[in-house]
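Here chain A shows up in two complexes: once beside chain B, once beside chain C.
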Partner chain A sequence: MTLLSVRDLCVTLETPEGPAPILEDVGFDLAAGGSLGLVGESGCGKSMTALAVMGLLPERAVATGEIVFEGCNLLALPEGALCKLRGRRLAMVFQEPMTALNPVKTIGAQVAEGLRWHLGLGRGEAEARAVKLLDRVGVPRPRFAPGLYPHQLSGGQRQRVVIAMALACDPALLIADEPTTALDVTSQAAILDLLAEVAAEAGLALLLITHDLAVVWQNTRSMIVMYAGRVVERGGTHEVFARMAHPYSRGLFAASPGALDAVLPPGRRLAAIPGLVPDPLHRPAGCVFAGRCPRAAADCLPAQPAERRLAPGHAVACLHPHLEATPA
Partner chain B sequence: MAVFLLQRLAAFIVTLLVASLVVFLVMEVLPGDPAALMLGVSARPDTLAALRSEMGLDLPAAQRYLLWLGGLVSGDLGTSYTYGVPVWELVRERIGLSLPLALIAICLSTLIAIPLGVLAAARHNKPADVGVMGFTQLGVAVPNFWFAILLILVFAVHWQVLPAGGFAGWDAGFWPALKTLLLPAVALALPQAAILARVTRSSVLETLGEDYVRTARAKGLTRRAALWRHALRNALIPVVTIMGLQFSFLLAGTIIIENVFYLPGLGRLIFQAIAQRDLIVVKDLVILLAASVVAVNFIVDLLYAVLDPRLRGGGHAG
Partner chain C sequence: MNSTAPLLQVEHLTLDYRLPRRRLFAPPPHHRALDDVSLTLARGESLAVVGESGSGKSTLARTVLALERPQAGRVVLLGRDVFALPADELRKLRRHAQMVFQDPYGSLDPRRKVGWIVAEPLDALEQGVESAERRARIAETLQSVGLQSGDADKFPHEFSGGQRQRIAIARALITRPALIVADEAVSALDVSVQAQVLNLLMDLRERLGLSYLFISHDLAVVRQVADRVMVLRDGRVVEEGEVEGLFRAPQHPYTRALLAAVPRIGVPRRRVTAAP
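This part shows the complex of A and B:
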């Protein structure tokens, strides 16, 4: 059953130089209990997509299209109704655990807050549940009292607290926006394992946003690759990794360091994609990747290539996709 | 906490010592002989010399400094040259007016400024924000003596609900005394509130952009709940800093308002003491004010620790 269905999502940001299109015609589906990876480099619109789903876009941003979650279009909902969904059915884990927690409130109170807000629990009951949640995410008593403040915890521990906050009200969808980017390598794997574990346990759907292909490979069943505000390739994670049909996906793949040993040959050199992501204010009329693409031809320039299906559940927005398997 | 208190105490003592040295030296350098001033220009030299010796003005400077300091420590502030009464008595009378006045003014200012500042931040760039900013601009720009005169015209002359000036004294009862302090307190509070509201606004705006406010919103809190529960307390540190500075100013920097309302406050006392070369009063008052500033700063530091657990010290877990 489809839990989240995003259709034709466009987000435009008002800037002093005029409206800048941040997202253009983004669409994807996520089944209940499923997992979807959103991959792309910084500035490709991954986080904006997440914020659009949460209804937390910056004030200067305007979103059009449809974000249908559990049958209702979030973009058409009034703020009050969105507040009832956020934290209750939709939850989010942020990139920066160092700043995502309020420095002047105890971790126990911050985890309990959602329970009190949404479920109307009393202080005692909410705090007892908060202790259980903290225990579940690996911040157990007595070593970590709920009366601790965020500055008394390390980055990885704080991210666990953020996860406990997100899980508090049994949401149906968990959006994790680069949840491990700010952490050291040892905590990264542990946090990802924890996310996968709790998602499986509670049967919640996971929308995992990352620039790290290895993270997608290990944690998601399907994935989309985004570039300059557009979806350039989508499909089952295994299918996409096997083919890497879009030249940008291949570039991203070739530029990924380590941790992909399962799919990469040893001794491989990292490659860089030449050129820069086009400025949202001056995007070309044709394929946004054409300026950096080794396979670009004259027919790439006049119009944005439409998505074409390569195989069941695997589509690419490219006129000259790689049809051969990803080189091993 | 003990270390913190000891550090504060040491800072307190050092600040007062430095202040006492500075004020003593300045008073030494300034021209004007208090004995000559008391006796007038036609005084005979031997009378003058006798008075100087009686007042201890003929002793070496270092000795006079130490004598004065010893007096301060033992609680003897000396005797005023002009009033002929112990300085402590003068000061006690004035503090009975200046301290409550400052307290009322700072309370008024806080009660006006924080809600206005928060409102402006919550309605950033909307009419309410523009209105508050305009009002505070006016509050900063209007000289407070002019505003005081306006208050007298409206409340004392036109409506005749509050006295135009003078201080009834606490012996007259709580309400009559308070009544005489209300208009001056309002006149003092307005410009302070204007500044404080601006500081509150910019500080709240800054914290509203913090990640933890977004986290709170992601939990489902409304914009308003996120502001009150998460942004405000974090925004209060600069506000408390400004409040501390304002309170120190309100204690003795209010001479203009004291003159408009004809109030015998500390500001007036210090002004008169300087004009009359009543050196002992000047020196004692400066030390007293320095002590009050340090004490207010100490309270501000304690408030920081109440507001922000990161400033309380305490170890890391795990």
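This part shows the complex of A and C:
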């Protein structure tokens, strides 16, 4: 069953230089209990997509299209109704745990807060539930008393507390925007394990935003690749990795240090993608990747390439996609 | 200055952080962040320091740059013992060793334009750089990290996270240092930008003979940029060696655990034992 369906999502931001199209015709579906990875370069609109779903876009942003969650279009919902969903059915974990934590409140009180606010639990009951949640995410008593403050925890422990807050009211969708980027490799692995476990236990859907292709490979069933505010490739995670049909997907893959399993010989360089993402005010009329694309041809320039299907569930927005398998 | 001497020599560094006093008359407790750490870095060489958060990596980076004072041990940069130098000598020495910080959000002053931010280390060191030359240096440095010279007139909030980290790197490069201490400098970047920046760091190293002390938790990145790797745990060096040997045949169980935690494409996820 489709839990979240985003259609033709466009987000425009008012800037001093005029309206900047941040997202253009973004669309994807996420099934209940499913997992979707969102990858792409810095500034390509991953976080804006997440914020649009959460109803947390900046004030100067205008969103059009549809974001249908549990059957209702969030873009048409008044702020009050959205507020009730947020933190209840829709939860989000950010890259930097301190953006979600209040430094002067105890971790127990912060986890209990959502329970009282959304579920109307009394103080005692909320606190008892909070203790259970903190146990569940690996911040258990007695080592970690609910009376601790965020600054008494490490980065990984704080992110666990944020996950406990996100899970408190039994959400259907958890959006994690670079949840482990600020953490070291062992905490990263442990947090990803925790997310996968709690998602499976509670049957919640996970929208995982990351720039790390290996994290997407290991943690999501389907994925979309975004570039300059658009979806350029989508499909089952393993299918997309096997083909990497869009030249941008392939560039990302080749540039991943983890894709090379050996030391670079002296003088050799990583396969970087030359140039930069065009800024939203100066996007070309044709394919947005054309300026950086090794396969660009004259027909790429007049108009934005439409999405075409390569296989069931696998689509790419490119006129000259790679049809051969991704090199091993 | 002896040109065959190592660029940087760190000898038996021990550093304790004082923790808040628990009882009025008891001595305050402390946390040993570095415990007898030694290293040598030759000119043009790149040494990676890896370890979990809290292992002392950033403390080591800051101590090397004389931003922290150790209880014991020496840091010798370009033949000079940094903790024995008078303040103005130390200030002059600083141009040769610059730091790129981890946090692309916190390390840039939001009220300053990018040009000012990038030129700040230069202005602090060389008063009276002609404004035309200063502008050219800013433009050249911005371009060298893949930004545009016109970006000098923008503010940090107008850039995405990845772009902000390039600004931080430009800021470190502008004094043309011999040593760059990069503390998780590319950790927040997307892979294609990360590859550009890593390539840039490799180019700069070849062109200018730069050395790097590369602090990172990302072992895949370390493998690409380092000649040698040092593994820190709880402030102690648990293993050190040439990069390829260390990756192929890690000796210490802790190094093996770190390597096993790296996510890899094509390799199914292995459960790690959760250690909060």
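By definition in this document, the second predicted complex is superposed on the first by the 314 of 328 C-alpha atoms of A that agree within 3 Å, B and C clash if a C-alpha of one lies under 4 Å from a C-alpha of the other, contacts with A are read in each partner's own complex, and residues count from 1 in each chain.
Keep this in mind: a residue touches a chain if its C-beta (ideal position, glycine included) is under 8 Å from a C-beta of that chain, and two chains touch if they have at least 3 such contacts.
All values derive from a computational prediction rather than experimental measurement.
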Contacts of A:Asn73 with chain B and chain C, given as first, second, both or neither: neither
Per-residue touch tally on chain A - higher for chain B or for chain C: C
Chain B versus chain C as contact partner of A:Thr64, first or second or both or neither: neither
Chain B versus chain C as contact partner of A:Leu252, first or second or both or neither: second
First, second, both or neither for A:Ser154, with chain B first and chain C second: both
Contacts of A:Phe144 with chain B and chain C, given as first, second, both or neither: both
Touching partner for A:Ala272 - first (chain B), second (chain C), both, neither: second
Contacts of A:Arg88 with chain B and chain C, given as first, second, both or neither: first
Overlap of chain C and chain B interfaces on chain A (superposed complexes): 96, 143-144, 154, 157
Complex contact set, residues of chain B against chain A: 210-212, 214-223, 225, 229-230, 233-234, 307-310, 314-318
Residues of chain C that touch chain A when the two form their complex: 51-54, 105, 146, 160-163, 187-196, 198-199, 202-203, 206, 217-221, 223-224, 243-244, 247, 257-258, 261-269, 271-272, 274-276
Chain A residues touching chain C - in the complex, by the definition given at the top: 40-43, 96, 138-140, 143-144, 154-157, 160, 181-190, 192-194, 196, 211-215, 217-219, 241, 251-253, 255-264, 267, 269-274, 276
In the complex, chain A residues that touch chain B: 54, 56, 79-80, 83-88, 91-92, 94, 96, 99-105, 113-114, 117-118, 143-145, 148-149, 151-154, 157, 162, 165-166, 168
